[in-house]
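Both of the next two complexes hold chain A, though its partner changes from chain B to chain C.
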Partner chain A sequence: MSKTTNISIKEELVDLYLSNLDLITDNSTPTLNRGRQSAIENFNLLGLPDAKNERYKYSKIEPLFTQDLEKYFAPKDITFKIDDIFRCDIPEIGTDLALVLNGFYLPKGDKLTKLDNGLIYGSLAEASIKYPEIVSKHYNSIADNVGEGLVALNTAFVQDGVFIYVPKGVEMNRPLQIINLLMSDENLLVQYRNLIILEESSSASVVVCDHSLSSQKFLSNVVTEIVAKPNSKLELVKMQNEHNDSTQLSHVYIHQQKDSKVTTNTISLHGGFIRNNLNVLLDDAGCENSSYGLYLMDRNQHIDNYSFIDHAKPHCTSNELFKGILDEQATGAFNGRILVRRDAQQTQAFQANNNLLLTADAKMNTKPQLEIYADDVKCSHGATVGQLDLEAKFYMQTRGIGEKEAMLLLMIGFAHDVVKKITIEPLRERIDELVNKRLRGELSRCHNCPMHCC
Partner chain B sequence: MLKIKDLHANIKGKEILKGINLEINAGEVHAIMGPNGSGKSTLAAVLAGREIFEVTHGEILFNGKNLLELSPENRSREGLFLGFQYPIEIPGVSMVNFMKAAVNEQRKYRGLEPIAPSDFLKLMREKKELVEIDSALTNRSVNEGFSGGEKKKNEIFQMAMLEPKLAILDETDSGLDIDALRIVANGVNKLKRPDNASIVITHYQRLLDYIVPDYVHILYNGKIVKSAGKELALELEEKGYDWIKNGE
Partner chain C sequence: MANDQDQILNDVTSGDYKYGFVTDVETDIIPKGLSEDVVRLISAKKGEPEWMLEFRLKAYRHWLTMEMPHWAHLEVPEIDYQDIIYFAAPRIKNPNSSEEIDPELRETFEKLGIPLNEQKLLSGFAVDAVMDSSSVKTTFSETLSEHGIIFCSMSEAIRNHPDLIKKYLASVVPYTDNFFATLNSAVFSDGSFCYIPKGVRCPMELSTYFRINAANTGQFERTLIIAEADSYVSYLEGCTAPVRDENQLHAAVVEIVALDNAEVKYSTVQNWYPGDKNGKGGIYNFVTKRGICRGKNSKISWTQVETGSAITWKYPSCILLGDNSYGEFNSVAVTNNHQQADTGTKMIHIGKNTRSHIISKGISAGVSNNSYRGLVKVLKGAENARNFSQCDSLLLGDKCGAHTFPYIEVDNPTAIVEHEATTSKIGEDQIFYCNQRGLSTEDAVGLIINGYAKEVLNKLPMEFAVEAQKLLQISLEGSVG
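Let's turn to the complex of A and B:
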């Protein structure tokens, strides 16, 4: 039965591609078009991840695609002034701001912005015309189109997304912010693509915020490729804050070259169904990777974090910390795969996943997966699923702190372990504040935003 | 201030407190002594409102109110304080946020506005000096990675911040070196006022060299088996607990 549905969903998507091929390619660019044919062939082979796919054991993908979803191959005309409806709170940290609406870059002026220091950001489609050599060299170079059906699907349909290019030696000291907005009067499937390139010895920090601004069903299938060249440094903070009828399938691929340092921090505040795939390749000596995540789920929300840290070369360090709080009937999964290849001597790899379940109905599946083929390595992993510490709660109560407040303080403290890893101080404070509000039930959105999207 | 009448309490069906009677008035210091396992900590926990202990019989009045009907937080807001024998570590919750929440919840109960940030910092500084607590400690998570002595000092610090009417100090002296002991005792003595009272639980006479009790009670096997003035502590020091255990 599920086999038949699978085939039909897959065929439907392939059909959609074939019957709209002209529209898809005409609205796009040679660089983005180049990968489509083989991608759809791969997708035709792979299909959507199904029950037999061990990596997707706890997240059923097929049913997500059976909903009625509109697809657009060019930006849909939505006439509004973005400033009227959306004022995100985080820009106060002095960021450069890039807006993406339903997967299409939303220019305030030009489709590409070049800062004084040479940093370029803007529309990926536009970049593939203006800087074809840079884009074609990196685009689709690290995303896995052969093993991951959802990525192949994205590559076949992609139209736009965000492009960030940090030239050699450029140190961007203020964060660049990308805000992904979903807004539509129909249910929508969006599949966009981000490409972030850090040239040698450059550094940048990027904040990505995902929001839904209308109550329709959204399914985002998003691929982000990050190339960190020798001695470069990136901090990426991703805030997921979409409503309970939205689904996000995120695939991040990071290619780290010699002595590069990449930190990602994925804060899942809200969302109906979230699957985060994080794939890190440590491809030369001296790389440092930190992957952090925090998820706060309630009602029937579902979160699934999958990470794959590939220690391909010696003398690299990776550090993972994922923490989550699940309330009511929320469900979650964590699968942390670490591969230490035979040549990757002197690897240090650490992983921890800690979870708090606030109710008997909330469920969490956590699975470390270490494959170590080198002998001179230092690895550790630990996973916990527990409840709030009642002794600590009582201790606080004996100081006059009410039971609810005591529980909140404990949860905030638990979450802060992840938030404190954010090095951009104003951003860390802001996120702390958002997390506090989220846990207090006061937040379903950034608090300056007038839209009630959750 | 505190009246305990024929208090019986169980844990997991086993009776631990077997009829406690005790009366404490403002201005008094009471010491409760007794061998390990007598029920001293149980008594303290029942007073503070620990749910795992079931009160099967008896009554506790605290300033005229039925203490057993109050939640632990309301007992605290009414002026009861428990210094834990084993203070709890709370990772991720900073001392500052913890104390701010505590002070403000106490204020709210009394109909007061939250404390101004500058006043709060001043209060923290004052009380830290009183217990000679290292400034760095209050920047850390509650009790996390504190040494045994630091944890005990931190209990007295919290007591100083909250200025309770009745403080119950459960073996605050155990595990302290003589300097720390003096600091802790000093803190307690400085906070003593005619309108407050304390219960000092200990099983050594040592602490009572510094905190002079008005009354000494011996708790044994869930009952107060002897009450007298401070000289009783000395007698215990000399004779040990065996004469109590053997029923004299």
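Let's turn to the complex of A and C:
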């Protein structure tokens, strides 16, 4: 039964592609158009991940695409005051800001901004015209179009997204913020692409905030490719804060070269259905990867974090920590896979997943995996599902802290383990505050932002 | 140093399989292949009643609709199910007198260290010896029956205790369960049956010894253990097979039912022929083992030492249905040369205050692959369920693989589930420490591995523990990573 629906959804999407092919290619650039044909062929082979796909065991993708969703292939004019968004900023950092509206880069002035130190950020489509050699070299170079149907779908439909290029030796001293906004009069399918390139010995920190500004249903299928060249350093903080009717399918691909260091921190505060795929390839000696995640889910929200750390070369380190609190009828899944390839000796890989279930209807499935083909390694994983420590709660109660407050304090402490990994201090404080509000049941939108995103 | 270690590793891993001989005994063999007629023939040979044949046929028809599972981390060559002999029984000269065992058979089992002569046996050990498709001899049956314990071959049980069989057979592993269990339901030939009545503590260890002897045969035995309220039994299982170039299929089913306050301990030392150094031959061990803690406060524990078989696919599981019931899984799995193992457990928490405990120790050497795959599932009604799992892997050599695939599914907020896994090799500092104190590298490795596996070995009954320790040494003697 489900199989027939899957085939028809797949056919529908392929049809959508074929019938809009001119519109898509005309509004795009040769570099982005180049990969489309093979991508749609791959998608036609792969389809959407179904229940038999072990990686999607706990998340049903097909029904998401059966909703009636509007698709458009060129940016639509939507007027709203850009100043409002600026106030959503993380205070006291003075970040450079990139805005994306429904998958299209929204320029303040130029579509590409070049800072004094040579750093370039802006629209991916624009960059593929202005800097075709850089973009075509890296675009679609690490995303898995052959094994992942959703990525192939993205590649076929992609129009725009954010491009960040950090030249050799450039160290960015303030974070760059990408704000992804969803706003529409109709239910909307959005597919965009981010490309982040760090040249040798460069360093950058990027903050990504996802917001929905109108109450329509949104389905985002987003691919981010990150290339970290030798000795580069990247910190990526992603904050997901969309409303309950929104779905986000995020695919992050990271290619780390010699001695590079990449840290990702995904804070999922809100969202109807979130699937985060994180794929890290440690492709040369000395790489260090840290992947952190925090998810706070309630109502009927669903979160599924999938991570795949590929230790392809010796002397690399990876460290994963994912923590989550599930309230009401929320469901969660974690699937972390660590692969240590033959001869990837001296590997150190650690992974932990801790979960709190607050109600009888909340549900958590966790599946850590180690696959190891080298012997001189230190690898471990741990996973727990449980509830708050009653003794700790009692301890606080005996000291005059009310039961509710005591539980809150414990949860905040639990969540802080992830938040404290963020090295940008004002951001860390800000996210701590958001987590705090979220756990107190207050809507966790940025409180100085006038927009009622959630 | 490294060369020395490699050399020692080589010596160890080339340790010979001691049980690879063939007994020359007259065997009753049916033609190769599988069909309804074959199922009927097996049933007729066993002199089974009509209802048993019906059960087999139902299973066989269902099996035809199934496909062999491919989800395990194993490379299983195509198996031609028509190229297997589904029934082979050594001829017993006078079937009415159990004293008259073929001397060849007696000798075989003596060679394997299983004397069938009760006088010679250590007291406290009753054995059901199964060769190929049939039970050769069950010792101490009389002594046990004084306590009301039934311990006999499955064929006898079907003849003599049809009520119990009808009630419990396939109650834990239904005939539709999985490809291999369904195949087993259709063609199972023999196995052990054990019934412990209410309030009885079984005075001796019960044990089944499985031996494959005939060529080209598959072995499909079925074991059923029923522990009535307040009873206790400890059950052991051992297995060996001759050295052959061909692969032989072993697809067994073990079912355990534990009622109120009952306790069942099931220990396995699995030492089927693992194939030679180049991965030629060996047994495919595709086994379904499951126990159900049906009663309150009941307890089932699985302990396994897996050293044999070319391919192992085995997940001894516990369904914790009764309130306060407890499931335990202790495993040491060793793979060497070209062996592959995908083994683990399932703990299904259904009752309130149920607990489970999993210890898995994997050791891989040579070019083998060793996976732990386990599921801990807490259902909605399982208040205060508790699980702790620990899965450690030890790698000896840089061409082998060790993998962990735990699944944790929790649907109740009062459950506490913990899982931890580590993978490492024997530290050079550990070996150096032992060397310093005058131990050779080989001894040091033996010592460390034994210490590593001790937590599980300690759970084995004493005689078995000694055997298991020796086995571990033979399988890996001198392996240094």
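Heads up, the rule we're going with is that the second predicted complex is superposed on the first by the 447 of 454 C-alpha atoms of A that agree within 3 Å, B and C clash if a C-alpha of one lies under 4 Å from a C-alpha of the other, contacts with A are read in each partner's own complex, and residues count from 1 in each chain.
To be clear about the criterion, contacts are C-beta pairs under 8 Å (C-beta built on N, C-alpha and C of every residue); 3 or more make two chains touch, one makes a residue touch a chain.
Fair warning: this is a prediction, and the values are worked out from it, not measured in the lab.
Bringing the complexes onto one copy of chain A puts chain B beside chain C with no clash.
Once chain A of one complex is fitted onto chain A of the other, the partner contacts of A:417 are limited to chain B, with no touch recorded for chain C.
Applying the stated contact rule after C-alpha superposition, one finds that A:97 touches neither chain B nor chain C. Of the two partner chains placed around the shared chain by superposition, chain B is the only one that A:402 touches, whereas chain C remains out of contact.
By the document's definition of touching, of the two partners only chain C reaches A:54; chain B does not.
When the shared chain is aligned, chain C comes close enough to touch A:373, but chain B does not.
More residues of chain A lie in touch with C than with the remaining chain of the pair chain B and chain C.
By the touch criterion stated above, A:365 is placed in contact with chain C alone, chain B being left untouched. Once chain A of one complex is fitted onto chain A of the other, the partner contacts of A:381 are limited to chain C, with no touch recorded for chain B.
Seen from the C-alpha centre of chain A, the directions to the centres of chain B and chain C diverge by 70°, a value given as a multiple of 10 for the model superposed on chain A.
For the three-chain overlay built from the shared chain A, the minimum Cα spacing from chain B to chain C equals 15 Å.
Applying the stated touch rule to the two superposed structures, the chain B and chain C interfaces on chain A have no residue in common. Residues 54, 342-343, 345, 355, 357-360, 362-387 of chain A are the ones that touch chain C when the two sit in their complex. Note for the complex: chain C touches chain A at residues 71, 73, 378, 380, 393, 395-425, 481. Considering their complex, residues 389, 391-392, 394-403, 405-406, 409-410, 412-417 of chain A touch chain B.
Chain B makes touch with chain A in their complex at residues 48-51, 71-73, 75-77, 81-82, 84, 87-94, 97-98, 101-102, 105-106, 109, 141-142, 158, 162.
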